[in-house]
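Below, chain A partners chain B and then partners chain C, in two separate complexes.
The block that comes next holds the complex of A and B.
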């Protein structure tokens, strides 16, 4: 089990934060371009899911899985989007995303008066806390190659 | 265990087959008094609920009928405008019927071609090398399984979240496609599948799954 990378977007779609742990392949474009592509895909997925759903949706899109990785998605009612890529065997990633929002984002970004909410997160404290949080979680276990 | 629908998308992203197996009908009829405590808006040629979600009534639901008279676009079938009827105090109490919008064929084609880039981007943004596109997509109400064949045709099945063994079903649908659509001399590739044998075999397979479960096929 392993965690690949995390993206945090605000409600306008700009990338607030990106960090990677075990990323083996780069998309071959700059970070900004990649973030735009990712946000565009999520936006389309959201509308796709709402339209194709046979029943009324509440949370909508939760995750998708390919042959190599799983992308987990959490959107808060305020429009913040948390995207975490893990391998296919990870369990309870949704709870982890909730915890990251509640215990790391709110504590070290929202409660930090020097962090502006619409700009990329510069706070070193947030970065180290997030890193530590991911690394001690059960989802993060470096794959033995 | 419910199978909601099956879509087959050609290599170039066009919808070549669609079958709705069990589509739940979500409709509600309620009496409203003046003033209306929900906000309606006119969008995409439909009058839909914008605000005021409650039991049985969801944001995005479309107005189907007013006092039993069906609504087409923004007009009632007797020629009156919906907005005029709703704004006039003398018409109350009103019985309004709302429901989840049904997808038209055009919308289905649109959605099928929308899945194509999503599938491609998912593999491009992969953090691991040599990833496929989306295989399983889960939302809170359904699960979508997608199987891409070597020739690029995608078979998609939309099922209930509790359904298991959908992979077997996907392969089976592909087998039926190979047997009854591709071997039909009147079927041309990339064109919508209109083969009776394919339809009947698919339907009987789905009925069997409904009755005896996936293990029976």
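The block that comes next holds the complex of A and C.
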């Protein structure tokens, strides 16, 4: 089980934060381009899922899975988007994303008066706390198989 | 708890407001912030000491500031109190509340004074109402720890 990388987008779709842990393959473009593509895909998926659903959706798009990895998606009521890529065996990633939002993002970005909310996150403290949190979580236990 | 975050956010907005009102950027004028702290401290002490006996001496007053007062305002006690017994006191808080979310190291060190000035005023105001006239300055070497130097003015 392993964690590949995390993206945090604001409600306008700009990339607030990116970090990677076990990422073996690079996309071959700049971080900004990649983030735009990622956001565009999520935006389309979200509206697609909501339109195509035969029943009323409560939470909408939650995750998708390929043969190699799973992308987990969490959108807060305020429009922040947390995207975490893991391998296919990971359990409880949704809770993990919730915890990251509640205990790391709110604590060290929202409560930090020097972090403005619509700009990329510069705080070193946030970065180290997030890194430590991911590394001690059960999802991160072992290296990729 | 809700009231904790209210104080944190209101404090950071006050800081932002005072800093934003400065015209010349190179020398920040934080005296307004210090004065806001002073009057806050002057008033809050009436409420905190209403059930307490009178203090024996200056050191007793300082101990009150470090324990009861700090717990009431910052939800923890001062980690270290030192004095030279000649009117100089140093209060050290290893995880100062207004700095704890900023960084744990040198990042943002240059703006740290903004976030401790209010508290300098609060300490000065509290002591002023307890009949101790003093000067309070703060020293931040590495966030989130902070030292408050209190120099009592003797007449």
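Just so we're on the same page, the second predicted complex is superposed on the first by the 142 of 145 C-alpha atoms of A that agree within 3 Å, B and C clash if a C-alpha of one lies under 4 Å from a C-alpha of the other, contacts with A are read in each partner's own complex, and residues count from 1 in each chain.
Please note the rule applied: a contact is a pair of C-beta atoms (placed from the backbone, for glycine too) under 8 Å apart; a residue touches a chain by one contact, two chains touch by 3 or more.
In this text the structure is predicted, and so the values were computed from the model without any measurement.
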| item | value |
| --- | --- |
| Superposition on chain A - do chain B and chain C clash or fit | fit |
| Inter-centroid angle chain B-chain A-chain C after superposition on A [Cα, multiple of 10°] | 140 |
| Touching partner for A:85 - first (chain B), second (chain C), both, neither | first |
| First, second, both or neither for A:108, with chain B first and chain C second | second |
| Chain B versus chain C as contact partner of A:123, first or second or both or neither | second |
| Minimum Cα separation, chain C to chain B, after superposition on A (Å) | 29 |
| Partner chain A, residues of chain C touching it in the complex | 5, 8-9, 12-13, 15-16, 101-105, 107-108, 111, 115 |
| Chain A residues touching chain B - in the complex, by the definition given at the top | 4-5, 20, 22-25, 27, 34, 37-38, 40-41, 44-45, 48-69, 71, 85, 87 |
| Residues of chain A that touch chain C when the two form their complex | 107-108, 111-114, 123-125, 128 |
| Complex contact set, residues of chain B against chain A | 4-5, 23-24, 26, 58, 60-61, 100, 103, 107, 111, 114-115, 117-118, 121-142, 144, 158 |
